[in-house]
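In the two complexes below, chain A is the common chain; its partner is chain B in one and chain C in the other.
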Partner chain A sequence: MNNKIYEISPGFEEIMPKDYRDLVNDGPFGKKLGVKDLGTFKELLEEHPLCAGCGLALSKRLILASLPSPENTVIVGTTGCSSLSFAQVAIHNIHSIFGNQNAVATGLKRALEIRFPDKTKDVVAMGGDGAIGDIGLGMVMHSWFRGEKFTTIMFDNEAYANTGGQESGMSQKGAVLNMAPTGKKYAKLPMPEIARDAGCVYSASVTPARPKRLEKMVRRAVILARKLGPTYIQIYCPCPTNYKFKPSESLKRTRDMEKSGAYQIKEYISPAAEELIKKFEEVK
Partner chain B sequence: MSDKAIQQKIVEPEELFFKAKREKQFITGSEAVKESIKRANVDMAISYPITPQSESMHLVGDIYAQGYVKDYYRGENELGVMSAVAGASMGGVRVFTATGGQGALRAFEMFPTWAGARLPIVCAFFCRGLNSPLTIQPDTIEIGLLLDTGMIILHAETAQDLYDMILKAFIIAEEPDVHLPVAVFADGFFVTHTREMVEIAPEDIKLPPYNPYKSPVPVMDMETPPVRQMRDPFVMKSNYVSYACHASWQQEVRAAAERARKHINKYLGGLLETENEDAEILIMASGTAVSQSRAAIIRAEAEGLKVGLVKLKSLRPFPKDEIKALAKGKKAVIVPEFNITGWLAREIKSVVEDNSKVIGAPRVFGGMTMPPELILEEIRRRSK
Partner chain C sequence: MQETNYRVINGPEGYLPPAAASMGVVLPDRGQALIEGRIVAEKEAMEKIAEKLLSAKNPYFFPGPLILWAWNDKAVEKAKAIKELADTAGAKIIPMSDYRPKYPMINPAEEINPNHPNLTIWHNKIDVCVFVGVHCHYANLALKIIRGGTDCYTIALCANYGHEDAMISLRDVHAEEVRNLTAVIKKMKGGK
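Up next is the complex of A and B:
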C-alpha cells in the first residue's frame, strides 16, 4: 500500500489550500480509521450540496469512513443525487453517464489489475436506485454474472429524487409519486436476492440508522470483492424533499421503516465468503 | 505462435510505420484489423457482436488467446462495451474496440463522453445502414451522425488504409497535445469482407506501450494526487463559472482535435490525398466511394475528359483550408456518397467559396453498390 500519495511536494506546503493540507495531515489515508473515529479526522466527504436531512449524504459519509483502504480506492458514480456530492469526495471518482457505472467499473478494475498486479486497488460502483435498479440494471447484472471483482452500492431513496421525485423500480408498491399518479402498480425490486442469484458472493441491505452494521457490511463487501467476486450493498436513504417529511425526521423514518418491515436488513453470504470473513475478521 | 507473440520487440512508431520491411498478404479488412492490433501493444480489447464488425473482434479475441492482448471479453451490449473501454482508458491502459451501424447508435451517449474525458480510445466503425427498414448492408449514414461527437474521425478506403489508420490512430490519439478518441471508419462488407493485398510490418515488433502519465488529465488510479473527479470540473451547477467551465472545456476538446492535424500529416501523409488536382472537375470522396470514383475517372479519361480526385482521409479534423484551396476556380466538385443524407457534400459546401458548384451526387444507399457509370454521367454532365 502506498500511503504517501497525498504528501505535498516539498516547497509547496504553504501554498496548497488549507483543505488539502488538512487532508494530508489529518485525513484517514493509511490510518485504518473507521466509523467510530468520525469527528476525529478530516473526512472524505465535506461541504456537500445535498438537502438537509438527506439519507444519502449520511450514508455516503458512513460508507467513506468504512472503506478499508481509501488510499487505494477509486469510486465509479453515476447520475443522480449522489453525483452532486462526488465533487466533494476526497477520493478519485468517475462520473460517466446514467446507469453505466458497473460497465465503467469493469473496465477500470481490469485496467488497474493490468497496471498494478502486485497492489490491491479497490473499485466501488455507487449509484441510486434509478441507476442500479432501472436504467443500468442490465449492465449491473452482467457485471455480476461475469464475476467482476468490485463492490456495487445502491443509495436506495425509493425514487428518482434528483429529477423531482418520480417512481422508480425500487419505490414501494402503492407509493404515489410523479409518473405514478395513482400509486405504483408493482412491488419494490428484490435487489438483494437478484444480486445473490446473479453471482454476488455477498449481498446485503442496511440503513444509516445502524452505522456499525453498515461499516461492517461495507468492509466485508470491499474485502470479499478483492478475492472472490462481485458484492452488493443496498442502503436505505430516506428523502425528505420528495417524500415530504421533516429533515430532522430522517432517522426516525428509517427506524419506522425497519420496524414495520417495509425495509429489511438482510445479509446473504456465500460459503466461500463465510470462510474468508472468518479469516479477516479474526485477524482484526 | 504464442511464444513468438510474447517476444515481440518494442520499436519506435516511425520504425514500425515506415522503416520496417513490409510483407504482402492477401487478407480481408477484418484480418487487417487483427494484424494492426497484433502490433499495437494493446492492453485490453472488449467486444460485442454486430454485423459486419463481428469477424474483426473474433480475430482480436484469437490474438488475445495467443498472448498479444492482456485482457479481452465479450460485453453485454454496445453501451456496456463503450462504457467499459472508457473505464479501462481512465484506468490508464491502451484499449481497442469496434462496432458499427445500430451498435454505434446504441452506444452513442459514450462517444461525446470519451472526447469530453480526453480518452485516447481507438474504435473501428464498420458502417452499415440504419433502420427502418432494417438492413445489414453497407451505408455510411452513421458517419454523418457521429461527426460532431468531438472524436477524431478517419475514413479508410481499403484494407490497407484500415491497417495503417488503426495502428497509427493509437499514436495520434495518445499525443499529449491531442489525447482524444480516434474513430476509424470503413465501409462494411466492401472493406471488411473483401480480400486485397495488404502490406504489413513483421509480427515480431510492436508499438511502445501507452504511458498514462503523459496524459493531459490525471489518470484515475489514486497514484496521482490531488484527487480527481472525472471529468473535472463537475459542471452541473447553473452559474456563470459552470457555464464558462463547460464552454472552455468543449472548446479545448475541439482545439485538441485541430492540434491533431500535424500528427495526421506526419503519420498519414496528410488529411487528404489528391490526383490530377489541376483538372477542371474534381471528385471529392471518402471511403469506398473513392475507389468507385477511380474507376469512373479511368473511363472518363478514355473519353477525353480530365477529372481530378480528392480522397479525404480525415473528416475530423476536417481539411477545410485544403478543400477550399482545391475547389478554387474549378468548374464542378462532384461528391459521390453511400448514404441518403449527403453529409460529405454538406461538409464540403460549408467550406467552398462558391458552393453552387458542389454537386451532392451521385448517392446510393441501403446497401447498393455505386456503379461508376453514375459518377461518369455526372462527370459528362458537368463537362459540357
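Up next is the complex of A and C:
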C-alpha cells in the first residue's frame, strides 16, 4: 500500500469517472485538510442512503474530515445504520459482522504493523451503540484491556435504529421507542468512564453540534492510539426517524440534550496522553 | 486432465448460472489458455481474442483497479499497454475504478461495477468485453453475472491463473503479454 494508489495511471485520466478524478485532484489525501476546510474539497462521503437529518451521517462526515491521515487509515465498520453508508466512503474500509469490529480491528492493526513496520497506518473501529455498547461490548472491552493501538468511535443514536427502534444500553432511562413503548427501565451506560477504566488512554464524548471540538478529539484519539494504546470517542447522533422529531431539528435537539445535561461533553486524558498531546499540539 | 463437456458460452444462461469450475472446467497450466471451457495453447487463444475483438460490433475493455491506479511501475506499464491494445482493437473503455456497491447511483455510461455489470452491458449494447486488472474474485463475480443475464462474449486477461467463467481466458498476462496480443491484432488487421 503506498500513496501512489491515489494517482491515476497515465492514459486513463480522461476515462475515469469525474468523481474519481475529483478525489485525486481535489480530495483530502496528503493535504492535511480539516473541518474548517469543508466545502472547499472533494469529501470522502457525499452521497449516502441514510435518513434526512441523520446525526450519524453528519458525524461521519465530520469524522472523515478530521482524520489526520485519511490516505493511511483503514476503517472497520459493523452492522447498523452506519454500515449502510460505508460503501460510499472513499477510504479503505472493512465491514465486520455485528459487534466484531474491535476484534477485526485488532487483527488488522497487528497485521499492518508487521506488513508496514516503517509506516504509520491508522485503524479506526466505528459502530453504533448496539455494536459497541451492547452486542460487541465484550470484544470492545477486551481490545481495551489488551491495550490495542487503535481508536474506537461510537455513533450513539441511543437506539437500534435500523431495525425499527429497540432500546439499547445507550438509550436514556425512560426513553420511549417504537419497540420500548413503556420506556427504558435503566440508565444509559457510562461508556466514557468504562473506556477509561478499561485501559483507554483517551476517552471522550462529543456531539456534531461542536465540529471543531469533535475534530480535535478525533485527531487526539487517532494520534494517541498510534503511540500509546486504545482510545475511545462517543458521538451523539440524534435519530429523527426513531425519536420522531423533524429532520431539520437534529442540531437543535443536540444542543437541547447538551443544555439539559442529558448528553455531556467529556474528555478523560491519561497522564502519558497529556504529555504526548502537549508535544504534538505544540508542534502544530 | 480435463474431462468435462460443459461449454462456457455466451448467455443468457439463466438467473443463476453454475460456476464453470463446479461444472468441471479447470484452469490452464502455464503456456495454455481457455476457450469456452476447453484448454488450448496460448497462441490459439490470442488469435481467437483478436478475431472476436475485430469482428465485434461494439467491443469494450473493462480495466480494473490493478491497472487504473498508478500504485507501482508495473501497473503503469501494463496500463499503457492495455490502452494501446484497446486503441488497436478499436474498442472503447469503461473503467471499474473500485468495487464499492454504489447501486442505485451507478452511471452505466461511465463506469462498471462487479455487482451489476449487466447494467453497463445492456446500457451500452456491448457484444464483446475484456476484463483486465480486476481482482480475481470480483472478476469471477462479474463474469458469472454477465453470462447469466446477457449475450455478451467475455474475455479475461488475468495476471494470475485465468478465469473459468470467461469465454476466453489468458493467464500470466503482464505488459509484455499484452503487447504480444496487440501485435497479433495488428497482424490480423493486415498491419506489420
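Basically, the second predicted complex is superposed on the first by the 278 of 284 C-alpha atoms of A that agree within 3 Å, B and C clash if a C-alpha of one lies under 4 Å from a C-alpha of the other, contacts with A are read in each partner's own complex, and residues count from 1 in each chain.
Quick note on the criterion: a residue touches a chain if its C-beta (ideal position, glycine included) is under 8 Å from a C-beta of that chain, and two chains touch if they have at least 3 such contacts.
The structure displayed is predicted, hence computed values, not measured ones.
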- Query: Of the two partner chains, chain B (first) and chain C (second), which one does A:114 touch, if any: first, second, both, or neither?
  - Reply: first
- Query: Counting only touches as set out at the top, which of chain B and chain C does A:6 meet: first, second, both, neither?
  - Reply: both
- Message: For A:176, using the defined touch cut-off, is the partner it touches chain B, chain C, both, or neither? Pick first, second, both or neither.
- Response: neither
- Touching partner for A:187 - first (chain B), second (chain C), both, neither: neither
- Figure out whether A:15 sits in contact with chain B (first) or chain C (second), or with both, or with neither. second
- Message: Output check: A:96 vs chain B and chain C. Expected answer is one of first, second, both, neither. What do you get?
- Response: first
- Query: Which of the two, chain B or chain C, is in touch with more residues of chain A?
  - Reply: B
- Task: Have a look at where A:87 lands relative to chain B and chain C in the superposition and call it first, second, both or neither.
- Result: both
- Item | Intersection of the chain A residues that touch chain B with those that touch chain C | 2, 5-6, 20, 87, 90
- Please give the residue numbers of chain A that touch chain B in the complex, ascending. 2, 5-6, 20, 71-74, 76, 83-84, 86-87, 89-97, 100, 103-116, 121, 138-139, 142, 146
- Contact set on chain B toward chain A in their complex: 43-44, 46, 70-71, 73, 75-77, 79-81, 83-93, 95, 109-110, 113, 117, 212, 220-234, 236
- Over in the complex, which chain C residues touch chain A? Could you list them? 63, 67-72, 75-76, 79-80, 83, 93-95, 97, 100-102, 105, 107, 110-111
- Could you pull out which chain A residues touch chain C in their complex? 2, 4-12, 15-18, 20, 47, 87-88, 90
